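Each of the two complexes below includes chain A, the first together with chain B, the second together with chain C.
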Partner chain A sequence: MAYVAVKGGERAIGNAHAWLAETRRGDTTLAELEVPQIVQQLSLAVDRVMAEGSCYDRDLAALAIKQSKGDLIEAAFLLRAYRTTLPRFGYSTPLDTAAMRIRRRVSATYKDLPGGQVLGPTFDYTHRLLDFALAAAGEPPAPAPEAPAGDTESPRVTELLSREGLMRREDDATAEPADLTRQPLAFPAARPTRLQNLARGDEGFLLGLGYSTQRGYGNSHPFVGEIRHGTVTICLTPPELGFEIEIGEIAVTECQMVNQFHGSRSEPPQFTRGYGLVLGHGERKAMSMALVDRALQAGDLGEDRTAPAQDEEFVLLHSDNVEATGFVEHLKLPHYVDFQSELEVVRRMRATATLQPEQATP
Partner chain B sequence: MSRDEAYNFAYLDEDTKRMIRRALLKAVAIPGHQVPFGAREMPLPYGWGTGGIQVTAAVLGPRDVLKVIDQGADDTTNAVSIRRFFNRVAGVETTTHTRDATIIQTRHRIPEAALTEAQVIVYQVPMPEPLFKLEPRLAETRRMHALSDYGLMHVKLYEDIARHGHIATSYSYPVMVDERYLMSPSPIPAFDNPKMHRMAALQLFGAGREKRIYAVPPYTDVRSLDFEDHPFRPHRADACCELCGSGSSYLDEVVTDDRGGRMFVCSDTDYCESRQAGNAKEEAA
Partner chain C sequence: MPEDTESRRRWMGILARASHGAIQARLGAAPALPPHTRLRGPETGLVMVRGRAGGDGAAFNLSEMTVTRCAVTLHGGNVGHAYVAGRDRQQAELAAALDGALQDATLRPALMATVIEPLAAAEAEAVAREARKAAATRVQFFTMANMR
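Coming up: the complex of A and B.
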């Protein structure tokens, strides 16, 4: 058999991409999926891609989902690569989530509270029975009943506890937080940096880590102080104006976990907070993030650091799914040069091992 | 060659390129030391050479001639893809000839032909930390580098010798740069390590996912770790290339059938092709 050089890589790549495009479109007798349909009808997929792609643009996220054939990590990657090319013209002022226009707000620690419990559009109390009626396209559902918008404010639950002195005060962040997308991670990482990392981290990874803290890997006694989802205003102070202006609004999900803390030498017993904030509607992610955020504070609070979720290098360096998928999947690339040198080494070691034992000693 | 005007020259914006160049200058000033940099997401996946691509993008000029190799070959799929990328976003001339290139981006190999002062070689680096298999914590390895505390690596190599009679590391073989910093040569085969020593060309290393850049300036000492009684010995397959007959180049083993048949060919395709052309000329003469 003659050796056929791996020529024609260029043509092979072109053909592979053509095939990909064909399979993406699928059966051409069916209508093509439109980006606005994805925005409207796969909105939670769009939310996840925006969060992990860390770029708030529903249309681009939907386009990425279409382009990636529904592979959401691939879609997040597409969005990240696009995001890289965007100029950074400024930083917004901190979001005021207390002033969120709320679509959903639940607290598990209080039966009722100022602002009330707002269930919003949730799967929580549905029975997970496949709804075959959805398979047959039918009439759109009747509009959901609407209550007049209340004007009561919804103060954050953690604020209620803080006023009583039961909630550990966060350090006042006077220092400008680092920007994870501009400065590489360094350890130990400051909490704002950790939170940035978690906010764009992989939902599945954070879910598993958060879950592990509930099962004894890291002691946590979490309560959902509050989950809220809705829209918040983005404000910016352009240097040429010198005063704050509103530039738009985005939807976010915020979760504040309340955790018991027995106190340490320097601090009295009190509650501590785990914080989660994600772009779009992502409660599972926000809750997981809050659990992991609290676990990562173990060191600062003088608790033992024994569990994976408490190990900041482990968590922060492996949470990014675009990095992770790239490095795992790069194993598909050719490695025959290194493998060849491994072959030589293994053959040499085998040759040494089959010698008489006294000869084998160097 | 026309480039895609929708993107800045070489894809990255000028501020990002300036940031990378600053990191490169620092890296050149401290040979072998890993410099953190604000690596960006690139349109190619992490692990596909995003660090190398960013370094190349930062040093590339419109009159440069670029060569991209993966596993020593210009025609492997990833090399083709990266070459195409720069063709599109920078419109620079590309070549497969080592001697014609001003910048060579590589994954896993150093070309067989000696590089010159007029050339820059950019390595794609997956794991810049040479100690990561012994100590995964970056805070800890940073301390070890600061103190030149490399005993752990020597113990590892010693244990190899004690167990196997020789060092069992065949690629990513650790090197000391300028007798100060322990450095990962990127996963090139140990066979290529001696080429790094006092190389005339500037050697730049980019790790995108790990967000580190490091460098070896021209004519810098690069010593593969070893012991007096167990000197470093680069290995290659004990054969000659079946295409060009070279008895000194690094060889790929190609399986030709399922009955144990195999042949060896040069991993460096440009080297092999120019030797084949030379052989043909000799025969014709």
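Coming up: the complex of A and C.
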């Protein structure tokens, strides 16, 4: 594919960007949107941009949302571009999600489980009726009710099944996982590579693929073993210190999807799991990721790979919305010379096609 | 791990989770910090956060996060370090200066009492408040048998 430099657009581009800035600001008689307002009041948009931009920084994600006029894929792109300007300090100790400070934790497989069902701040059970009271600025809502917390431990649901031997144990691999920010994707991809790809993948793409597995494209009988959302501590061992320190906290959402497995020649029938882990509060994404993660294990578990969600090249090569948008949107850049040559070819073919019947006439 | 390292880990964690404003607000009641010289930073970079497949399996790279680090040397010889989530350079430098000062056995008791413990208490209260809100949304199932 060839691109030819075209000059002469500078003034038009400059003026277009000036107009973009004006439309971004909108009606100047209204107060300008401030970044902390986005952090506080559009927190789920911030979460999505951090997840797909693959960089946890609430203020930067909010700034990206403001700059992109609320285009969340554009915002993720801005965050990805920014991160390339920063040095890498190291890798964290793997998160301990069992030690999460839980804001929400629900299980669809056990009603009474240690730690209980904690609904947290959820849209579930709302009636999805537009609330016109929010259109009029008013008093802030009353603080949420509180109840004695106690020292409730919330062990993983998958652990309850594993103890009975009914859940396939995770491979306890100690190998250094590949890092997609450093090494390009290669196939076949190991599970850690797939999980990194899915964690930063587009929510809509994963939602559609996850949905397809439920509708019969890939044999899947999932239950939500558990969804938990809350805060986890990040630990790092700086080489100059030589011991592990806590450097802060991040919010994450984890989904453990429990799936049937009929067994294979080497393994008895048991449950298997699909795993989803995303930054911030993103249940839809975590659940979709877990469905797709399980579908992608088909090969490892000796199941037939027949559906799109089970095809790792298809899934992993098309999940990244920054890559996808780059290639789709490049089509609007000048292709004048490419198209000129196509035009020549089509004209020549048409001329030949209209000539031939006359030549065939005796 | 030696006891000193354990207490140092604790204060470094508390300083990493406190905002610059919250730390600064506690310094008024604290003994003056010895002057320091910057050894490195404050500088912002990235840490790659890792998760585990299935929560307890093989490690994988989840996402990066912004982190700011700083190293200072205090007049007196101690070297203070800080790695704090986010991009607040002032927080990182102050945390590093405090880490250096807290290693000085003569300064430590006063700094623990005026800075670290109040920050820890404020953090514990915020954590407890969130836990109480979560507890208020815990479902209390009842069955027909209980209703009789």
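Convention: the second predicted complex is superposed on the first by the 348 of 362 C-alpha atoms of A that agree within 3 Å, B and C clash if a C-alpha of one lies under 4 Å from a C-alpha of the other, contacts with A are read in each partner's own complex, and residues count from 1 in each chain.
The rule is short, and it goes like this: contacts are C-beta pairs under 8 Å (C-beta built on N, C-alpha and C of every residue); 3 or more make two chains touch, one makes a residue touch a chain.
Only a predicted model underlies this, so the values are computations on that prediction, with no experimental measurement involved.
Novice: Tell me which touches more residues of chain A here: chain C or chain B.
Specialist: After superposing on chain A, more of chain A is contacted by C.
Novice: For A:E313 in the superposed arrangement: first (chain B), second (chain C), both or neither?
Specialist: In the superposition, A:E313 touches chain B alone.
Novice: Scan A:P155 for contacts with chain B and chain C and give back first, second, both or neither.
Specialist: Neither: A:P155 stays clear of chain B and chain C.
Novice: Touch check for A:M50: first (chain B), second (chain C), both, or neither?
Specialist: The answer is second: A:M50 touches chain C but not chain B.
Novice: Quick one: classify A:G208 as touching chain B (first), chain C (second), both or neither.
Specialist: neither
Novice: Who does A:R83 touch here: chain B (first), chain C (second), both, or neither?
Specialist: Both: A:R83 reaches chain B and chain C.
Novice: Figure out whether A:P177 sits in contact with chain B (first) or chain C (second), or with both, or with neither.
Specialist: second
Novice: Which holds for A:G70: it touches chain B only (first), chain C only (second), both, or neither?
Specialist: After superposition on chain A, A:G70 lies in contact with neither partner.
Novice: Could you give the residue numbers on chain A that contact chain B in one complex and chain C in the other?
Specialist: Residues 83, 87, 181 of chain A touch both chain B and chain C.
Novice: Of all residues in chain C, which touch chain A in the complex?
Specialist: Listed in rising order, the residues of chain C that touch chain A are 1, 5, 9, 12-13, 16-17, 43-67, 69, 71, 81, 83-87, 127-139, 141.
Novice: Quick check on the complex: what are the chain A residues that touch chain B?
Specialist: Interface residues on the chain A side: 1, 3, 5-10, 12-13, 77, 80-81, 83-85, 87, 181-188, 313, 317, 322-323, 325-331, 333-338, 340-345, 348-349, 352, 360-362.
Novice: List the residues on chain A that touch chain C in their complex, please.
Specialist: It is residues 50-51, 54-57, 59-60, 83, 86-95, 97-98, 101-104, 111-112, 116-121, 144-150, 152, 156, 158-159, 170-175, 177-181, 191-193, 195-196, 199-200, 233-234, 236, 238, 240-241, 243-250, 252, 254, 256, 273, 275, 277, 279 of chain A that touch chain C.
Novice: Could you list, by residue number, the parts of chain B that touch chain A in their complex?
Specialist: 7, 11-13, 36-43, 45-48, 50, 70-73, 75-81, 84, 107-109, 126, 136-139, 161-162, 164-166, 168-172, 187-191, 209, 211-212, 230, 235-237, 242-243, 250-254, 256-257, 261, 263, 265, 267, 269
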